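Common to both upcoming complexes is chain A, partnered first by chain B, then by chain C.
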Partner chain A sequence: MSALYIARATQVAARSLDGEMMIMSAKDSTLFTLNPVATLIWQSADGHTPLAQIVEQKVCAEFDVAMDEALEDAEKFVSDLAAHGILLASDAPFGSATATQEGAR
Partner chain B sequence: MSLMQEMSQRALDRGVPIAVQLDVTYRCNERCVHCYLDHDDHGEMTTDEIYGVLDELAEAGVFFLTLSGGEVFMRRDFLDIVDYARSLMFCVKIKTNAFMIREKEAQRLSELAVQDVQVSIYSHRAAVHDAITLLPGSLKRSVKGIRLLRAHGVKVVIANVLMMQNRNDHGGVKELAQELGAEYTIDPTITPMMDGNRAVLRLGLGVPQLQEAFRNSDLIGDAEEFCAPPPQVTDDVMQELPCSAGHTACYISPYGDVFPCVQFPLPSGNVRRQKFMDIWRYSDQLNEVRSITLGDLPVCSGCGHAATCSRCPGLAYMEGNMRGPSTQDCEKSFARTGITTANMRRKQTNQMTSGLVQIAAALAPRSASA
Partner chain C sequence: MVEHVLGDPATIGFLPANDAASRPPYPEIRQRGTVMVEVVTAADQQVIIEIGNMPVLVRSESPEFLRMLMDRYSGFVSAEGRADFEIDVDLVPPGQITDEEDVAVRFVHGRWIIERGDLRAEWEAETRRARIVQSANSYSIDTALRILHSLILAREGGLLVHAASAVRNGRAFLFSGVSGAGKTTISRLAPPDTKLLTDEISYVRRDGASYVAYGTPFAGELAEPGENMRAPLAALYLLEKGPANTVAQVSQSEAVRRLLENVLFFANDSELVGLVFESACELARSVPVYRLTFYPDERVWELIA
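Presenting the complex of A and B:
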């Protein structure tokens, strides 16, 4: 399975409130809040670190959760946010010539 | 409870200023007859000072940032300020008259993904609008600016301040907003000058005009519900906070002065001399504002409108007492329901008593010392 890279969309507003991220889409003014695990993934979405590495090194290190389960949840979360244009997902690091984005529209 | 209300409640519980309005200038190319500002520049914050304030606001947890003025585009660095604010991930709202928005500005605001741009339009008729802004050609230019923003996909909200001069034009402005693909809001509130001068209030709607507006379903939705008698005042209502000013929101002037709200000019500190968070947490003025619940208001706590009144503590402050009534809001409550407020009854009693004293004085025997 190829690695999945994630980057925060620039067309959103975001702020952490009491450890949870508030995100508003400029496109349709929809407000989202992320739980602490999702917030950690969002904050780690630098476009260069594979999602699996984020889950292993940050999520599993900070929360008491098994890697397989955490990765499955993280992939679903990424897919949901990518569909709303909140997060960008690609099979190559962002900025590289081969990056194919999902959810960038 | 909506997600937005949930987040606001959480911000309130944690003492987080979730919304701040920053006026970047008081200078303006228009001279609106009802404006509450002095348009001279008394030493605006520099670009770097504003960047520093924005850093502090982001650190403090501010999410909603409204950039306003004056006319924001009087500052040549305004788009740089918006750019910097967006790099800090604020949800940016802008208030402007749109007069100076050309292709470049519209495109940049679109690229920067600002949440919305609010433009004041007073009338769909140039003669009326321009007579309020005192700038010939202003309606034409503002509409052109709105069209450019919309062409670039920027959400626009047309704010229609209602006053005597334009009281019959709200329908036309609403149609104009629809044609432009903009949202439409009305506001019948005229604010006293920040120096306390109340002369501009004479321009506002009187009770008969408010009554007419409040019964117009096109303006306020369900008129029957809007104008319904107020529900009974319960103990829970007495514990309620007047509004978000000083609790989860505040205002910063172009000179760095911090106030609870743009309509509440109680000086609470200055970001040029103090850290924003120190002002937010420790200002005696903001803490006094925070300490006030509805039950602490000597007149309003005994008013039947308490549960539904839109009493603005800032307007009350400008009337002389932040714990007192706001006559403008009393008039709105009366115009909605036809039921007098405690403040109105108190004033009537005072007038009657005052009359009796004058009569008594006239009847009293004069001293013979002369």
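Presenting the complex of A and C:
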């Protein structure tokens, strides 16, 4: 399975309130509230760190969870947010010539 | 973020033509000293409707239509003065004007286009001038005005909210909730020293680091315009009916979620949607927000402070 790269979409507004990350899709006016794990993934979505690396080095380091379980959850979360145009997902780092995006726009 | 229909449409009827023989004698309006009607002459083809410290000049060739507006926006109108925006109203016979069932708002080539079956409005953002095509009723222009204000407020950090609001001891309180949550009920229960700003649509503007609530003529079941006044916003209450009167502060994130459910915003515009979200977050950060569960009796007002 090839690596999955994620980046935050530009057409969103995000705010952290009371430790909860709230994200508004400007595209369809949908409001999302992220739990701490999802917030960690969102904040790490820099476009060039593979999702598996984010899960291993951030999520598994901070939460008591097995890598396989955390990665499965993360992929589902990314898929959900990509469907709403909140996150962009690609099989190559963003900014590279071979990046194929799914999700926003 | 759903538009709600306010009040009853007050339509000027187009009366059926009578036979000349059965027509009543023409009443001399100016000599009927007991009739409390302000006469708008042909030279006064405009009224200024000022809501939220934002005067909007409305121009029409129909004196009857202007009289209707003066009645509908009573307390918020003047015949002259400065205006920040101008609207020309082109009156057409009643009938379907556009194919849009629900209100649709979009930005095209520097103009906001507002459409619903009963109206079509174009507002040029740069010149601050708009033209509305509608029949002679206040329901259509009411919608256009609310949308105009919501678009302007979005850029200024303000909000139109489905909420009753009232002023007591110089401080304003908002009571937000969907239809049936109790906006009109809590307005009716207000103590005598309370000034009601509205029982349906609250108008909130930023004022430095704080917020100010203004009275609006947008009424719900009370069917009465609010007081035309302003006061600093002291608290927002999220209304819920329940078996007892209780109040509890909610988290900022919960406040934003609930507030956004009750914000009036119509435009399919990603930039403004982002700004409305930011405004809701700022308001939740700056103003205490409580869940107010209330049993409908006047003692609930003992919890408002």
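Rule of thumb we're sticking to: the second predicted complex is superposed on the first by the 105 of 105 C-alpha atoms of A that agree within 3 Å, B and C clash if a C-alpha of one lies under 4 Å from a C-alpha of the other, contacts with A are read in each partner's own complex, and residues count from 1 in each chain.
Keep in mind that, in the parts below, contacts are C-beta pairs under 8 Å (C-beta built on N, C-alpha and C of every residue); 3 or more make two chains touch, one makes a residue touch a chain.
Everything numeric in this text was worked out from a predicted model, so none of it was measured.
*Asks:* Go through the superposed model and pick first if A:67 touches only chain B, second if only chain C, both, or neither.
*Replies:* Neither partner.
*Asks:* Going by the contact rule set out at the top, does A:22 touch chain B (first), chain C (second), both, or neither?
*Replies:* Both partners.
*Asks:* In the overlay, answer first, second, both or neither for which of chain B and chain C A:13 touches.
*Replies:* both
*Asks:* Classify the contacts of A:31 with the two partner chains as first (chain B alone), second (chain C alone), both, or neither.
*Replies:* Touch partners of A:31: chain B and chain C.
*Asks:* Using the superposition on chain A as set up above, list the residues of chain A that contact both chain B and chain C.
*Replies:* Overlap of chain B and chain C footprints on chain A: residues 11-13, 15, 17-18, 22, 24, 26, 29, 31, 33.
*Asks:* Using the touch definition from the top, list the residues of chain C that touch chain A in their complex.
*Replies:* Going by the criterion above, the answer is residues 1, 251-253, 256-257, 260, 270-271, 273-274, 277-278, 281, 284-285.
*Asks:* For chain A, which residues are in contact with chain B within the complex?
*Replies:* These residues of chain A touch chain B: 10-18, 22, 24, 26, 29, 31, 33.
*Asks:* Which residues of chain B touch chain A once you look at their complex with the stated criterion?
*Replies:* 3-4, 6-7, 10-11, 14, 16, 18, 58, 61-63, 89-92, 113-116, 155
*Asks:* Which of the residues in chain A come into contact with chain C in the complex?
*Replies:* Within the complex, chain A contacts chain C at residues 11-13, 15, 17-18, 20, 22, 24, 26-27, 29, 31, 33.
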